[in-house]
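One structure is given here, and the rest of the page talks about it.
Every chain is named by a letter (A, B, C, D and E) in the order it is written, and numbering of its residues begins at 1.
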Amino acid sequence: MTLPAISVRSLVKRFGTATVLQDIDLDVPEGKVSCLIGPSGSGKSTLLRCLAFLEEASEGMITVNGEALGFFENAKGERERLPAGQIRAVRAQIGMVFQQFNLWPHMTALGNVSEALKTVHKVPKAEAEERAMVQLAKVGLANRAGHYPSQLSGGQQQRVAIARALALSPKIMLFDEPTSALDPELTGEVLNVMRELAAEGMTMVVVSHEIGFAATVGHQISFLDQGRLLFTGAPSEIFAKPRHPRLEQFLDTYLDRGASMLA
Amino acid sequence: MSFKLFSLLVQASVWTIGISAISIAIGFLIALGLSAALLSGKALYRKPAEFFISFFRGVPLLVQLLLIYNLLPFIGLNVPSIVAAIIGMSLCTAAYQAENLRGGFESVPKGLIEAADMVGFSPRQVFVRVKVPIALRLTFPALVNEAIMILKSSSLVSVVGIVEITRMAQDLASSTYMPIEIFSSAALIYLVICWAVALAGRFGERSLPGAAK
Amino acid sequence: MIFDPNVILKHLPEIISGTGVTLALWIAGMLLGILIGFIVATLRRYGGRAVDLPLGFVVEVLRGTPFLIQIFLVYYGGPFVGLSLDPVPCGLLGLSVYAAAYYSEIFRAGYASVPHGHVEAGECLGLSRLQIIRRILLPEMALIVLPPSVNLAVILLKESAVLSIITVPELTTTVSAIGSQEYAFLEAIFLLAVIYWVIVEAAARLGRLAETRLSTFRFAAS
Amino acid sequence: HAEDVLAKVKAAGVLKVGTETAFAPFDFIDAGAHVGLNVDLFDEVGKELGVKIEWVTLPWEGVLPGLEAGKFEVVAGPATITKARMERYRFTAPIAEATVAILKKAGAPISKPEDIAGKAVGVGKATAQLAQLTEFSATLPSKVDIREYPAFNDAYADMAAGRIVAVANSLPNIAFVAKQRAGMFEVVLPPFGKKTYFGFVGRKDADYASLMDAIDAALIKMKGDGRMGKLQDKWFGTKFDTPDAVKDPAI
Amino acid sequence: MTLPAISVRSLVKRFGTATVLQDIDLDVPEGKVSCLIGPSGSGKSTLLRCLAFLEEASEGMITVNGEALGFFENAKGERERLPAGQIRAVRAQIGMVFQQFNLWPHMTALGNVSEALKTVHKVPKAEAEERAMVQLAKVGLANRAGHYPSQLSGGQQQRVAIARALALSPKIMLFDEPTSALDPELTGEVLNVMRELAAEGMTMVVVSHEIGFAATVGHQISFLDQGRLLFTGAPSEIFAKPRHPRLEQFLDTYLDRGASMLA
């Protein structure tokens, strides 16, 4: 097995006195799709945000392709913060797609996608927009480049958000419930784009309620409950009986609502 | 500066506080009516309200007060000073408050009004029971801000013959010729009053029903 | 009642110059106030408690006391502590600092109105803090900041009349001097009312225009 | 409106008098009470007319509009009697001299009025004193740097702050200021400029004539029996010789 | 068959020049659950809002238990608006539950439920609150009566919204995607309340993405597409093959995401 793209060791995250993540160990394999599932409030988003360094872990270490993210262990074995430049360099390998899209409303789709190329990477305007168009075309939105977010459907907005992250050629993409703000048909658009990315071998971490997606596309599924990682394994394992009682209960609520009786 | 002078300033602040408080309350009621008129589809209501706001926001309060105090007698209404002061301040603050409230009413989520329609509220009940409480919550900070502004503007009511803090300070400065000390003390008194209003505002905001705790 | 319009015609040049001084001080004071106010709001947001608390205190003092008294103390009290300013610079300084206190609060609300996720999206893409402020926060808050800014501009215009006590030859000073010189107080009041009203109405319309421009450009109907 | 105002005042038993209270020693606030020469003078006028005096105190910008609106019957300003003002208002018999003199900061190198040549001197904007000072300045070898203030009190404040070295104002006023802040300000004698007088302001309308006549009569009577002189001495520390009426003011 | 609770005839709804609903004919059977499904933008919400008279239909007629809603046909065969009082009387038979709950934030749960009883029906305060408590108990929230909406979870808020509508004893309840603003675990609470109502024989019209719910609880399912009612029938019919091609395609996106492969 190759080096994991991301490895998390003994990670703890507290908000004030509340411990939201406890003792998380996780390896995200390179070129594969890892899914995080679990009930509401179990800490999925928080874990993902730690991976993007949007939250700073309270304890533990995260490495991205072997490089420490945010903190490192110094000679004395103490946790020490890395300089801002280095943090930015490591984070440049990661792209994030938010549940609420977080598109900038005052820029067009093209502006959203080309912005970081222009301001961060100092790519000349014409080239930046050309590269942005390539990404927009990839998510099927070349013909919507001039639209503002308010003029796009939810699914289109989410695809622009994906294009925005892809434009910087990250090695790893993080998705936080990328479809839960969408209605069923829009969901399809976004899942298709993600499937293509997976097929191309992009390393992906996906927090999802889409168990169908997790089961068919995910290579590894991790189940979080109350801040603990109860289970990590292949889809076949996780859906096979007998399961952990909490996982059993969790999956039941889905099946109850599922479409299994419709065929 | 002597304690005696300071206590004169404090006594004068009773006028500042009293007139401001009454005017803010009356102004609020007028503002409610104005903002309802502004949002009404009928030009018959909207246009006069727009003109009212334009005039009372556009013309300096000092001039408004002089007009009320000195022009009303020409049409046979000889209003006493305190009434002129309260009319002037109420109308002026009403114009500003109405603009704030209009913003609030416009941001009451439409769904909340539809929910009220669905359970059979009359338009008046919708206004009183749903729109006003919610708009008030949305605009509360802006209204408190406006209260502080008008409190400070109340120094202008001296032009109709009321000796409030600023006027008292000017009088005292001109008889003692110690303006720096006297104006500093006046500033301090204003500061205390405004802070009290701001604190009360923050407390009020937090204790509005249903405020996120 | 005596009302003599000739008084106004006779002093037209002074009235025009007073209006000019008021407009110039008002606009310059407002622009400076917006700039300082924005810097203060930004420092308070990013500077930590050590910056936020003292700045907050200053803002509250400036907002809690009448402009008349502030300007009096600075102009007539300043020389006692070694700060002797000429009327116009003092007026401009006073007006812009007073304006800055209020504008900083408007910008603070503006900052708070931008969803944090939009900032995080910028961080994830590697934008620096300055780039985030300039490219994301500022343009996004513009629409929310505009209406209270216009309101404040109107208030500042009227407060600028206070500068008469430090002998700045602005509109109110000029017109009331004409009034007392000619003993034509009624004409003076009438004139002041009309000129201020016209300026306020122009400002309000400009604000509304900017608002519609911004909102149609940004949130075109889908 | 055609009703005679004197008759109305007598019927009501009250004469309403408007003034501003930042004009020591004519009208000012001392320990919270409105006092000054005007208060004492109108007390006597009230006795002569057999009415009570009711004061309406306003900032100066509200006083004359208040008179025109009928908020009160007469203004205890007082104002310097000038030609231009007489065109619009009727003045009472003079109550004090208004000739302009110099108040200087203690220690300033000014020993006679002419010494203000080339120096910064403050004066109230749009006042009769300003006109006098301008005229005086023209007769000096180097011009006076005249600074205009919205109120004389602001000019005194600026003299304390050091931006100006002297203030030109009517003698009664600056004498009082010098007395209040002895050691800080000093009066420079003699006065300069033309002899002018202070009078109270009333309306020219026909229905006011009887009232103004009655007030004039009362003032002249007080001058005759020495009451006016005693009051001037009380408030200014000196007596003035004033004519019974000013028909043709010097300015 | 008894008289339908609601009958819709030749209904057309235009917004400006856009025709959003075309020629809708629909009978809602009394005491049954009717579901509206269809892709996003097909007009489901608009149709439901027409039934609640929150939108005025451009053409056509709606009758509720035989009484005309909003408009009637006069002697000359022209459409004429009914007086406001009469509209209110007919609408009183209908309760509506919104996707976004629309609880009044300045009132407690009890206040939300009892408000209309007090102000509209002039029931004395004590009695109104007693009746409100009965409804809150019915949706399992008796112990949350004093909480403000901001202190309740999404599922709890939606149940309060249901109680608010039920308190006025409507004959018909309309639901617009009552669970789509909720996350999966909260959804269960609300669906259970709806199931109970259905079991009690309440006439219900439900716009839903919960195909599982529609299939198991619905007695009648209608499929809307681009403003047209393409199909109305029993669940067994609608899910049986062969289907209308558009419906086929629509259901596919669900099945694709469904949990059928998980069992």
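By our rule, a residue touches a chain if its C-beta (ideal position, glycine included) is under 8 Å from a C-beta of that chain, and two chains touch if they have at least 3 such contacts.
This is a predicted model, so every value here is computed, not measured.
*Asks:* Going by the contact rule set out at the top, which chains touch both chain A and chain D?
*Replies:* Chains touching both chain A and chain D: C.
*Asks:* Could you tell me which chains make contact with chain C and chain D both?
*Replies:* B
*Asks:* Compare the CA centroid of chain E with every other chain's and tell me the farthest one.
*Replies:* D
*Asks:* Counting only C-alpha atoms to place each centre, which chain is farthest from chain A?
*Replies:* D
*Asks:* Can you check which chain pair, B-C or A-C, has more C-beta pairs in contact?
*Replies:* Looking at contacts between chains, B-C has the larger number.
*Asks:* Can you tell me the C-alpha superposition angle of chain A onto chain E, nearest 5°?
*Replies:* An angle of 175 degrees brings one copy onto the other.
*Asks:* Chain B to chain D: how many Å between their CA centres?
*Replies:* 38
*Asks:* In whole angstrom, how far does the Cα centroid of chain A sit from the Cα centroid of chain B?
*Replies:* 51
*Asks:* In whole angstrom, how far does the Cα centroid of chain D sit from the Cα centroid of chain E?
*Replies:* 82
*Asks:* Between chain B and chain E, tell me the centre distance in angstrom, where each centre is the average of that chain's C-alpha atoms.
*Replies:* Going by mean C-alpha positions, chain B sits 45 Å from chain E.
*Asks:* Which residue numbers or ranges of chain B touch two or more of the other chains?
*Replies:* In chain B, the residues touching two or more other chains are 62, 66, 70, 74, 179-180.
*Asks:* I need the residues of chain C touching at least two other chains; which ones are they?
*Replies:* 1, 72, 76-77, 80, 186, 189
*Asks:* Name the residues of chain D that each touch 2 or more other chains.
*Replies:* Counting only residues that touch two or more other chains, chain D contributes 61, 65, 68-69, 151, 157, 160.
*Asks:* Could you list each pair of chains that touch one another?
*Replies:* Chain-chain contacts present: A-C, A-E, B-C, B-D, B-E, C-D.
*Asks:* Using the touch definition up top, name the residues of chain A that touch chain C in the complex.
*Replies:* Contacts found on chain A: 52, 54, 88, 91-92, 94-96, 98, 100, 102-106, 115-116, 119-120, 148, 150-152, 161, 164-165, 168.
*Asks:* What residues on chain E touch chain A, complex-wise?
*Replies:* Per the stated touch rule, the residues are 39-40, 180, 183-188, 191, 209-213, 215-216, 239, 250-251, 253-263.
*Asks:* Show me the residue ranges of chain C that touch chain D in the complex, using the header's touch definition.
*Replies:* Residues in contact with chain D: 1-2, 72, 75-80, 84, 164-167, 173, 176-186, 189.
*Asks:* Which part of chain D faces chain C closely enough to touch in the complex?
*Replies:* Listed in rising order, the residues of chain D that touch chain C are 60-61, 64-65, 68-69, 84-85, 88-89, 125-127, 147-151, 154, 157-158, 160-163.
*Asks:* Would you tell me which residues of chain C are touching chain A in their complex?
*Replies:* Interface residues on chain C, with respect to chain A: 115, 117-118, 120-128, 131, 135-136, 139-140, 218-222.
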